[in-house]
Structures are given as C-alpha cells and as structure tokens.
Amino acid sequence: MLLLQLLINGVQVGALYALIAVGFSLIFGSTKVFHFAHGATFTIAAYIFYYLYSVSEAHWILAVLAATAGAVAFGVFMDRCIYAPIQRHEGSFFTVFVASLGAGIIVQNLVGMIFGRGFVSVTTPLSRSIELLPGLYVAPLSGIAILCAIVFFGALQIFLMRTNVGMGLRALSENPELVRVYGLSPRRLSTIVFALGSLLVIPAAIITAASSGLNPAIAHHIMLISLAATIVGGVGSLRGAACAGLLLGMSENLALMYLGPQWSEAVTFIVLFLFILFRPSGFFGRAIAS
Amino acid sequence: MLAYIINLVTLISINAVLAITLNFIMGYAGIFSMAHAVFFGVGAYTAAYFALNVSASFFLAVPVAMLAAAVLSLVLALPALRVRGEYFVAASLGLQVLGVTIFSEWKGFTGGLGGLIGIPPVEFFGYGLSSNTQYMVLALACLLLVVLVTTVLLRSSFGRNLKAIRDSESAAHAFGKNVATIKTLSVAISAALTAVAGALYAFYLGFINVESFMLDTSVLLMAMVIIGGTGTLLGPIVGAMLLMLLPSLFSYMWFLPATEIGSIQQIAYGAAMILLMIYRPGGLVGASKKQVAK
Amino acid sequence: MTGPDNQVLLRISNLQKNFGGLKVTNDVSLDMRAGIVTTLVGPNGAGKTTLFNLITGHLVPTGGDILWNGKSIVGQPHWKIARQGIARTFQDLRLFDQMTVLENVLSVMEPVSWLWQPGGRAGRRAREEKATHILERTRLIDKAHIRAIDLSYAERKFLSMARIMATDARMWLLDEPASGLDRGSYELFLELLRSEVRNGVTVCIIEHNLDIVVGISDRIAFLDQGRLLADGDPQTVLKDPHLAAIYFGEQAA
C-alpha cells in the first residue's frame, strides 16, 4: 500500500513536472534559447494566483486568468524585449543565457520583497486528502493535476500536428528558413512559442500553490527540473521531456521517502549528470553535433 | 571606519581571486561553470579541517587545499570534455546542488549545517596572524600572486591554447591541439587557485558554513566576471570591486529599506547583466564586439 | 610536378560514410601522391567537405580505410591526425577571431598542451621569426596586432592560409581557399600556393573556381552524391561532356 501511495504521489508531482518541462523543452527546442527565466514565469504565475485568490479573495477563475495573463505576458516580454535585441546583435548562447539569468534574479528578488521570503500557500478544500482505500490517501488536487496534464498534452499534440502554426513551430527547430516557406515569420513564431511554453506552467503553478506551497526561490527548483527533464528526455523531443518529467517526479518522491529531503534534489542531479556524461542526447533526442 | 575598510579590502581581495579564477575558465576556455562556489568551499573546508587537525601552517594547509580542489575538479572537467554550452551549464548546476548537499551532510568533515568553528589563525613559521590588518595584507598578497600567475599563463602559449578553444574548438582540434588535456588542465588550475581564496576565507573568518558556498554565491561570482568583462585581465577585479561595494553603496541611500539591501543588490546586478548583454556583452572593461564580415 | 611514380602519401580505400540511410561518402578510393596538387570538384552537396572531415578524423568512416604513409589513421582523434602532418582549412575559416593575427599564426605552432612549449627561449624566438616571415609573405605583417575579427574578408582568407603555412604539415586540405577573392588577391593566392608546392607540400583543394582548378591542378577528382565519378588529369576530366552536364547543370540551375 505504501508503494501505491508513493506511486500516486509521484505521478501527481511527475505530471506537473512533465508540463513544466515540456514548456521549457518547447521553447528551447524551437528557438534554441536557453530560457533560464522559465522558473521566473512559474513564480510570477503562482504568486499572482496566490495574491488574487488568497489575499484579495477574488474568484478563482479570475485568479487563474490573471495568472495566465501574467505568465504569457512575461514570456512574450522576455522574447520580444530581451532575447530579440540580443539575438539581433550577436546572440551567442552565453549572452542569451546571462540575460535570462539576470531576469530570473530580478523576479525572484522582487517577489521576495513584495511577498516575503517565507513559504506561502493557498488553502483550499481540494488539497485535503480523502482515504480512497485503507492506507491510501489521495487529494482531489492530485486528480486535477493528472487531468490537467492529460488535457494540456492532448491539446498541444493537436495544435502541433494539425494546425499550420503548429507545423511551422516544428519546422522552426529544424530549419528557420523552412518556416518562411510556410509563409510564417520566425520572429512571430518565436513569440508564439514563448507564449505557449509559458502557458504550460499555469496548472503546475496553481496546483503547487495549493499543495506544497511557494517561496521566491522556487524558481530554482523549477528550472532545475525543467533542465533535467529536457536533457534526460532528449532535446527536441516533447514526448521525452514529458516522460522524463514524470520519471523525475517519481524518483524525487522515492528519494524523499528513502533518503530524506536533503538528497531528493541531489538525486535528480545525479541522474542529470550521468546522462550528460554518458548519453547527452537523452532518451529520445537527436544526436548532439559537436 | 578604518576597521570597516580593512574588512572590505580583505573580502574584495578574496572575491577578486574567485572572479579571476572563474574568468580563467569562462572567459578564456569558454567553460561556463555555475559550480565555482563548490571549489571555493572545498578549499575552505579542506584548509579548515587541516588546520584543526594537523597544522595551521600556511605552507601546508594551503597546498593541501589546492591539491584537493584540483583533484576534485576532474568531476567538473569530465562533462566539460563531453558537452558544451547549455549542457555544460546544466551539468555544473547539478554539481553545485550536489556539492551543497554533500557539504551539508558530511558532518565528519564539514561539520554539517553548523559548519566548522574555531579555526585557528594561519601560521607563518610558527607565527600566527592575529590582526585584521595582517589578514588584509595576506589577502592582497595572494591576490597579487594569483594575478601574476594567471597573467603569465594567459600571455603564454597555454593562454593561446585556451583562447583557441574558446574561439573555435574545431579549428583547435584541426591544428593538433589536444583540447581535452588543455581543458582539464585549465579547470584544475582554476580550482587550485580558487582553493587559495577558500583557505584565506576560512582562516580570516575563523568559522565557515555551507551558506557561503551555495548557488547564490556561484551566481554572484558569475555576475562579477560578466559585469567586469570576460576574457580580460582587469575585468574580474573591477567586477568584484563593484559588486562588493554595492551593499555599502545602497546602505548610504537612506530611502532604501535596510532589510532589503540584499535583494536590491541582487536586482541591481540582475538588471546590469541584462543591460550589458543587450548593449555591451564584453562587460565594462571588455571591448565592444564587432560583427564578423561573412 | 611529377608523374605517377611519386610516393603515395594518402591512400583512401573504399571509404564509406553513412548517416542513417544516407550514403554521403560512397565507396571512394583515391590516392594522393607527394608533390601532386589534387582538386576535388563537384556540385554542392557532393560530399567534398565530408571527405575532408573523414580524412582529418573529424568524422569516423562507416567503412573502408585511410592510410597515411602506409599506416591506417581511421579512428584516431582529430588532433592526433593533425600532428602527423595533415592540416586543413575550413570553408567558414574558423579563425581564432578574438586573437590577433600574430597570435593566430603563433598558436598553430604551439600544439603542446602543457603549460609551456619545448625549446625554451630560443624556440620561442624561432617561432616568432617564422611567424613574421609568414605574415610578410601573406601581406599581413602590417596587421599583426589587429584582431582577426577586425580584418577584411580577403585578409581573413589570407590569415587562414597563413595559419596552415605555419604548420609543418606535409599535406594540406584546402576547402574553397580562394572563394570570394577579387582577381588581384587570388593571383597572389595562386602564387603563394605554387611556391609552397615547390617547397614540397602536397595539396588537395576543394574549389569551384575553374580558373584555379585549371591553373594549379595536376589532377582532378570529380565527386557527385558521395561517389567518385572521375579521377585523372585536368584536360581529360574537364572535357568529359557527361561530367560537364552534371557540374554545369547544377551551376545553371
């Protein structure tokens, strides 16, 4: 029974991680931008939701919409106002990454100044566990998390496979020039990618706010998961990032149980480190060209 | 006031050494390490442990710390040889997190979360340094030494090897350079010199704990190198001075809440990083880049 | 220029390179003899640069063998092969952009990875003299302390040549060394190349410019879609109508 409990916990966490990771992988795979500020997107969305729902006592739909708007606006802002000018000049990986890092630092500290550095969370009856079976406790929130993941992935698949924009997006990662053949501009597509990738953090941001709670430094953890899942899953493979996110959620939970909280993050990184050493292309990714 | 300045100069010197050694691999070999604080910690813990258990002699504790860091740097060199850019940053991030976890858990060596206290003053031929002024002089001397060593190395053929790898690794290969050996050597040298700063830090403060060696520190060091200017000799020193002086600067601004100075400092250098990357990626000291004629 | 009695320096036998199902190098066999200038021609995508990458160890062949001075070099790392006397230039130059012209040339004379080069001070002086001499021959001496990234296009092409001249390589693989040069510059380039060949360097050039192809080649190898279609003296190969159709058909399109 304990194992089943761990499994369900792991799947819930893993489902959210998968969403976040896919958001990052989508952006990184399509635009080649090392969007280190993806964690900041999560922070912004989560805190907006927290503020409106818990502090201002607004209706949850309003809070969700505001969080979504905030996340997408931030993502698009980073793309248009920060990454684009840099890439116009001489955008090497280094300059883009450093700017992203800087943005992340600013967001983390602003949030810390406004909301304080301690843990905050949203209280909702949905986070209270129900005993489904003897010894098995599941909160409705877990179910919502998994449902969200499935719905969002499904929608993403349809979007990428069936729509013109979606196909253009897939072309963007292979060959930006090819994109023009579709009659689209890489610039516009890039913005769409950032909007979409940022959108994907919303379920995770809101659910995390309601379950484990938030603090300004959470962006680090989010970023590390996104990175690990993207690389382990394979750059350029959304499926890989999703699977890896799921796997990492589960392994983190297992480590939490058996090794203690201090090692759970380290385990994720040991896995990442080993992959980088021995199989940098990840599970499903294309081979790395030197 | 004087005591304040002496303290500041000592800390700036230590941080300048850290920035210089990070710049050595970042600005010259193109290895973007986010784990620099870990080697700072290795140097500090090793020197402290050695001083507490064997000898506080400068000429023993410091070389031992340097050796430990150089050997451990192989863990960083391994991914540096396999992957570049984003992948390496991810690996070094992982190393940083892992390093902090080990520092926090290995109570026997690092004292765990509590850290090590009562580190004896560093000794030169039996004479222990006691006053802050003496430590400041020592720190400045070490800074000078590190500057000398890195300058000589960078102006030599080894420096050209590093720059060749940074500018075009494939061309470096094509002209017979064993890139793996060069990278490993540069990482080891950087780690060894970083450990000097770590040892200094441990002796100066008399106590150390894991708080000084976390991701925030690695990021701060990276900011120093970037803002000062990568790939230049003066850049990291300028960056270290600037970023260490920021908190003092901000505390003079009466309209800023004192409790938030730390955050404001971070926001300041976060913003500086963004602006520099857009308008002057070479940093304050670096040359402004020109487009290659294709 | 001498005939087929020259010693074979590089022997490529049945070389194969597949990327998945794509055969980018398909059963290529070629001999390069000492002192002979071979030009690789063929339409874009024929696999010419790939062949260079295979020879220098940048790519590992799927099949076949490459013998340098009689010994197989397949599987050796790129830098080891370079130290055995095979040097190359790149189509996109890959200069050490942030270093000065002089540093670019000095750097290739310093392959040792350790902290210092053997030979001490005398060795260093000798290298500096050699570097200066090379810069004079490539008309770059006035720009010795300018960063490579700040040079003009033609100057960058010549720096690429200066770099390879600074190695002690017996064999040069030049990838489109003269493309984009104006008439005056490539006259100089041709002269430079001829004098190096007279000094005993064996050269293999990838080139599209027919003037150069005719002006310097002792032999032409025609590649198309990974296969070696022809290999012989310039007059014969260039007069073949079948080859011309492939080559010029591509050009005209």
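Just so it is clear, A, B and C label the chains in written order, and each chain counts residues from 1 on its own.
Keep in mind that, in the parts below, a residue touches a chain if its C-beta (ideal position, glycine included) is under 8 Å from a C-beta of that chain, and two chains touch if they have at least 3 such contacts.
Owing to the predicted nature of the structure, the values given are computational and were not obtained by experimental measurement.
Each step here moves to a touching chain, and the least such steps from subunit B to subunit C number 1. Among the chain pairings, A-B comes first (most C-beta pairs in contact).
A comparison of C-alpha centroids places B closest to the centre of the full protein. Set against the C-alpha centre of subunit B, every other chain centre is closer than that of C. Annotation: 42 Å between the Cα-based centres of subunit B and subunit C.
In this assembly, the C-alpha centroid of subunit A lies 31 Å from the C-alpha centroid of subunit B.
The distance from the centre of subunit A to the centre of subunit C, with each centre set as the mean of the Cα atoms, comes to 47 Å.
Among the residues of subunit B, those touching two or more other chains are numbered 170, 289. Touching of two or more other chains is recorded for no residue of subunit A.
Residues of subunit C that touch subunit B in their complex: 56, 58, 77-79, 82-83, 87-88, 90, 94-99, 103, 106-108, 110-117, 149-150, 152-153, 156, 163, 167. Listed in rising order, the residues of subunit B touching subunit A in the complex are 32, 78-79, 82-83, 85-91, 93-95, 97-98, 101, 104-105, 169-170, 215, 219, 222, 226, 260, 263-264, 266-267, 269-274, 276-278, 281, 289, 291.
Contact residues of subunit A toward subunit B in the complex are 28, 34, 82, 85-86, 89-90, 93-99, 101-106, 108-110, 112-113, 220, 224, 227-228, 231, 262-263, 265-266, 269-270, 272-273, 276-277, 280, 288, 290. Of all residues in subunit B, those touching subunit C in their complex are 153, 156-158, 160-161, 163-164, 166-168, 170-179, 181-182, 185, 231, 289-290, 292-293.
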